[in-house]
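Okay, so chain A shows up in both of these, paired with chain B first and chain C after.
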Partner chain A sequence: MMEVLTSFTFIVVAAGTMILAFAGGMVGAISVMKGQSLIGDAVGHATFPGIVLAFMLIGVKETYTLALGAVLFGIIAFLTIQMITNHSKVTLDGALALVLSSFFGLGMALMSFVQGNPDFEGTQGLNDYIFGQAAYMLRSDVYLITAASVISLFILAAFYIQIRIYIFDPVFSRTAGINNTLMNFIILIITILLISVGLKAVGAILIVNLLIAPAVIGQLWSSRFSTVLLIAGSSGAFAAFTGTYISTAGENIATGPAIILTLSFLMALSLFCAPKGIIRRNIYKRRMGGVS
Partner chain B sequence: MDGTIITIKDLNVAYQDKPALWHINLDIRKNSRTAIVGPNGAGKSTMIKTMMKLIRPVSGSIEIDGRTDKGVLKNIAYVPQKGEVNWDFPATVLDVVLMGRYVHKGWVKRTQKKDRDIALEALKTMKMEAFCDRQISELSGGQRQRAFLARAIAQDADIYVMDEPLQGIDITTENLIMDVIRKLQAEGKTFIVVHHQLNTVKEYFDHVVIMNKTIIADGPTDAVFTGDNIEKAYREKGVGV
Partner chain C sequence: MIEVLLVLIVTALATSVPGVFLVLRGLSMTTDAISHTILLGIVLAFFMTNDIRSPWLIIAASIIGIATVYIIELVSRTQLVRQDAAIGLVFTALFAAAIVLISKYSGNAHLDMDVVLMGEVLFAPFNRIDVFGFSIPAALWQLSIIMFVNFAFIALFYKELKLTTFDPKFAFIAGFSATLIYYALMTLVSVTAVAAFDAVGSILVINFFVAPALTAYLLVRRLSAMIWLSMLFAVWNSVIGYIIGFSYDLSIAGVTSFTALVTFMAVFIFSPDGWLNGKLRALRQKRTFTRAMILMLMNEHGHTRLTAGEITSHFNLNQKQFDNHMEHLLINDYIEKKNGQYTLTERGEEYTHYTRSKYELPI
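Coming up: the complex of A and B.
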C-alpha cells in the first residue's frame, strides 16, 4: 500500500484530482441549489470542441492553451443557451440538450478530421479529454488545477454573503442592492473555469458528476449553507483520493470513472442513511402517523 | 405625517410586445396602508416590481421619497410572493431574517451581535422566536410569511412593499400580520400591499388603488372603494388586451 501512496504518479494525480474535486464540490453545490445543475453538463460537453480547435491552432497539446480553448467554448456555449432561451420559445432543458449535443458533435467531427489528417501529429491524446485520463496528468496540469481552484474559491469567499442571498431570494437580493447579473456571471465563470481545467482528469462526459454528486451528498447531510458547501467539497476530495488509489493499485481501472464510482457510492449511502435520507424520512413519517 | 412618498408619472410597461401597464399616474401617501386591488392579470405585481426597479418600464418615471436612484431601494422592505423563493435552500429562520440586515452592512462585513439582537426582536414581533433555528423548508405557509415579514422588520425600512402577504395563510397569522402592520404604521411606516380579498379591504386598509392595466381609481378607501369602481375594474377588460 505504501508503495502506491508514495509513487510519483499517485501523488501528482491524487493532488490534482483532490483539489479539483474539492473546489468543484463547493462551486457545484451553488449551481445545484440554484437549480442549474444541467448547465454544468451542457458546458462540460461543449468545452470539447474548444480543446480540439486549440490543438489545431497550435499543433501541440499544451496544457494552458487547451484549457483556454475549453473556457472560451464554455462561455460561447452558455451565451448560446441564453440566446436560445431569451429569443425563442425553446425552454431551458431543450436549449441545454441542443447545445450539449451540437457542440459535442462539433468536437467529435473536428477530432475525426484531425486524426485522419497527416498535417496534424500527436492527435491520439485528444481522446483523453472525452473520457479523462488522469494517469497521464502532468505537473503543469496540477499547477493549472491548483491555480484555477484557488482563484475559484477565493472569488466564492469574496462574494459568499451576496451569493447566498441571491440564490435564496433573487428578488430580495436585487432590492438589497446586490447585482444579480454579476452574481450569476461569477457562478458561471468559476464553474466553466473548473470544468475546463478538470477535463483531462475526468473527461467532458463525466465532469458534471464532480459538480453535482458532492452537492447532493452535502444537502442530504446538512441544513446549513456553509456546512453543505464544506461537506460537498470534502466528499469530492475524499472520493478523488479513494478513486485515484483504487485506479493506481488496481489494474485497468481508469481514474476518472473510479472517482465517479466512489462518489456514486457515497451518494447512494447518503441517500439511505443521511439525516435527510430515505430511511430517516420514513421513520419520521411513521412517528408522525403518516403514510410511509 | 401627510404628503406623498411615491409618485408615479405616466408609467408604461410592456412584456415583449404586450402592454402590461398603461399611463399609470399615481401618488402613494406617506404613512398610509395602501391596498392594490384588481383582477388577475391586472398588472398589480408588475407595478410594484417596476417600483422596485425589477422591471424596466417603457416610459415614465417613479419617484420614491423624492429620489429616482437605486440607493433609495434600501429604504424599501420587499416581501415577495411565497412562490418566488427557493424553499429547499439550506437556511434557518434566523438566517433568513438576518438577510434583512445585509442592507445596512454592505459588502463583506459579517453580521454582529447587534444585528442578531435586531433579528431576534423582529422574530419576537412576529411570534416566531421559538422557530429561529428551524429549517425554512419545514415551515407552514403562515410561518413562512411571518419569517418574511420579520426579515422586512429587521431591514428597518420606512416603506414596506408586500405582494399578496395574506394569500393562503391561516387566520391567526392574518390577524397577527395586520396587527403588526397597524403598529408599524403608528411608528410612521408606509405600507403598499397587493391584496386579493375584496371583503377585507375596508377593514384592513385606509387607502386603496383599484387597477386593471391602468388606474381605475385611487384614494382613501371610504371614498374610492365603491361598487362602481370595483365593477369597472373587474368587468372591463384591460386596455390594449
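Coming up: the complex of A and C.
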C-alpha cells in the first residue's frame, strides 16, 4: 500500500484531482443551490469544440492553450443558452439539451477534420478530454489546476457575503445594491474555469458529477451555508483521493470514473444515513404516528 | 452512398416525433441522461453475448434506459435532491460504471468506445441483411421498424399523450394513467436511442430528439402542426448535414447536429416572434413613446414654447436623436418652429388627446 501512496504518479494525480474536487465541490454547491446543476453538464460538453479549435489554431497540445479554448467555448455556450431562454418560450431544459449536443457535434466535426488532415499531428490525446485521462496528468497540469482553484476560491471568498445573499434572496440582494447580473456571471466564470482545467482529469462528460454530488452530500448533512460548502469541498477531495488510490492500485481502472463512482457511493450513503436522509425521516415519521 | 442519407433521415424521423413530446414535457435532459446510460446496457450485454449487433444489446440497453428514468424519479421523489441535480448524479454514476467496465474488461474485445459514443453513419451500409430478397443495411431495417413503431404509438395514443402532456391533472381525473403513458413513451425513447447509437452516437442522439422539435416549437402553437414541422426540420437538418459532411469529409452526425443549432438559431432570430423582430418592435415603441411624450410636454402649461436645449435636456437626447424626432414631428405637422422655439399645432394637440386615451391618462 505504501508503495502506491509514495509513487510519483500517484502523488501528482492525487494532488491534482483533490485540489480540483475541493474547489469544484465548493463552487458546484452554489450552482446546485441556484437550481442550475445541469448548466455544468452543458458547459462540460460544449468545451470540446474549444479544445479541438485551440489545437487547430495553435497547433500544440499544451494544457494552457487547450484550457483557454475550453473556457471560451464554455462562455459562448452559456451565453447562447441564456439568449435562448431569455428571448423565447423554450425552457432551460430544452435549451441545455440543444446547446450541449450541437456544440459537441461541432467538436466531432472539427475532430474528424483534424484527424483526416495530415497537417495536424498527434491528435490521439484530444479524445482524452472527453473521457479524461488522469493517469497522463503532468506536473504542469497540477499547477494549472492549483492556480485555477486558488483563483476560484479567492473570488468566492471575496464575494462570499454577496453571493450568499444573492442565492437565498435575489430580490433582497437587488434592493441591497448587489449587482445580481455580476454575481451570476462571477459564479459562472469560476464554474467554467474549473471545468476547463478539470477536463483532462475526469473528462467532459463526467465533470458535472464533481460539481453536483459533493454539493448534494453537503446539503444532506447540514443546513448552514458555510458548513455545506466545507462538507462539499472535503467530500470531493476525499473521493478524489480514494478514487485515485483505487485506480492506481487496481489494474486498468480509469481514474476519473473511479472518483465519480466513489463520489456516487458517498452520495447514496448520505441519501440514506444523513441527518436529513431517508432512514432518519422514516423513523421520525413513525414516531409521529404517520404511515411511512 | 444514398443509403447513408437514408439511414440518417430515418433516424431523424424516428427520433424527432417522440422528441416533440419530450420537449413539451420538459424531459430533454432526462433523455440526455438515457442516451448516456444506455452505454452501460450495451457494455453489459456485449460482455455476455460478444456480438455488437445482437438483439440483446437493444433489450439490455432499453432496460437500463428505463431504469435510469426510474432511478431519477426515485431520487427526486425523496425531495432531498432537486430533479436537475438528480439527473446529473444518476447518469454520470451509471456512465462512469460503464467506462470502468470497458477499461477493465474489454482489453482485447472489439468494443470501440469511440464508435459507441460517437457513432459513424458512414459505416452503416457495411453491415447488411437480406429482407424479402433485398440486401439492405441492417441499421436501415432496424431503424425503419422503430420509426413505424414510434409513428404507430403516437398515432394510436395521440389523445392520451396530448392530454397527459398539457393537463396532467385533468388527465388523472378523467381516468387516464399518466404514469403508464410516461413510461411507455420513455421505453420507446430508450429503444430508439439504442437503435440510433451506432448511426449517430449516444451523445448526439439527443440532438436528433430535441432540436427539430424545439425549432418547430418556436414557430407554431398547434401540436399536430408542431409534429409535422419537426419532421420537416429533421429531414432538412439531415440532408444539409449529409451534404456538408460528405463533401468535406467530416463527421456527418456531428455536422447534422451543428446544422440543427444553426437552423434553430436562424428561426429564433428571424421568425415573426423572433429575437430580431422583438428588438425592432421595442425600438419602434420607444421611438413612438418619446415622440408622444415630447408632444405631451408641449401641451402642458408653462411648456408651450420650448427651445431645442430644453427638449434635449428634458428627455436626455443626443443631437442625432433630437434631429430625428423633430424632423418626424415637423413633417407630420404636429409641431411648428418659430424663432428657434417649438410649439404645438392643432394637429399636435389632437394627437396628445389620442395619446392620453391610449396610455389611459386623465384627459
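Following the convention adopted for this analysis, the second predicted complex is superposed on the first by the 292 of 292 C-alpha atoms of A that agree within 3 Å, B and C clash if a C-alpha of one lies under 4 Å from a C-alpha of the other, contacts with A are read in each partner's own complex, and residues count from 1 in each chain.
Going forward, a residue touches a chain if its C-beta (ideal position, glycine included) is under 8 Å from a C-beta of that chain, and two chains touch if they have at least 3 such contacts.
Remember, predicted model here, so these are calculated numbers, not experimental data.
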>> After the alignment on chain A, I want to confirm one thing: do chain B and chain C clash, or do they fit together?
In response: fit
> Can A:35 be said to touch chain B (first), chain C (second), both, or neither?
Replying inline: both
>> One more residue to check, A:222. First (chain B), second (chain C), both or neither?
In response: first
> Is A:128 in contact with chain B, with chain C, with both, or with neither (first, second, both, neither)?
Replying inline: neither
>> Looking at A:141, would you say it contacts chain B, chain C, both, or neither? Reply first, second, both or neither.
In response: neither
> What's your read, chain B or chain C touching more residues of chain A?
Replying inline: C
> Of the partners chain B and chain C, which touch A:104 in the superposed model: first, second, both, neither?
Replying inline: second
>> Rounded to the nearest 10 degrees, how wide is the angle at the Cα centre of chain A between the Cα centres of chain B and chain C?
In response: 70
>> What does the superposition give for the shortest Cα distance from chain B to chain C, in Å?
In response: 5
> What part of chain A is shared between its chain B contacts and its chain C contacts?
Replying inline: 35, 219
>> So in the complex, the part of chain A that touches chain C is made up of which residues?
In response: 32, 35-38, 40-41, 45, 80, 83-84, 87-91, 93-109, 111-113, 116, 127, 130-131, 205-206, 208-209, 211-213, 215-216, 219-220, 250-254, 256-258, 260-261, 264, 267, 271, 276-278
>> For the complex, give me every residue of chain A touching chain B.
In response: 33-35, 158, 161, 165, 167-172, 174-178, 219, 222-225, 227-228
> Taking the complex as given, what residues does chain C use to touch chain A?
Replying inline: 23, 26-29, 31-32, 36, 75, 78, 80-82, 84-85, 87-89, 92-93, 95-97, 99-100, 103-104, 107, 113-114, 117-118, 201, 203-204, 206-207, 209-211, 214, 217-218, 245, 248-251, 253-258, 260-261, 264-265, 268, 273-275, 278
> Mind pulling up the chain B residues that touch chain A in the complex?
Replying inline: 49, 52-54, 70-71, 73-74, 76, 78, 80, 84-86, 88-92, 95-96, 99, 102-103, 105, 107-108, 110, 135, 137, 151
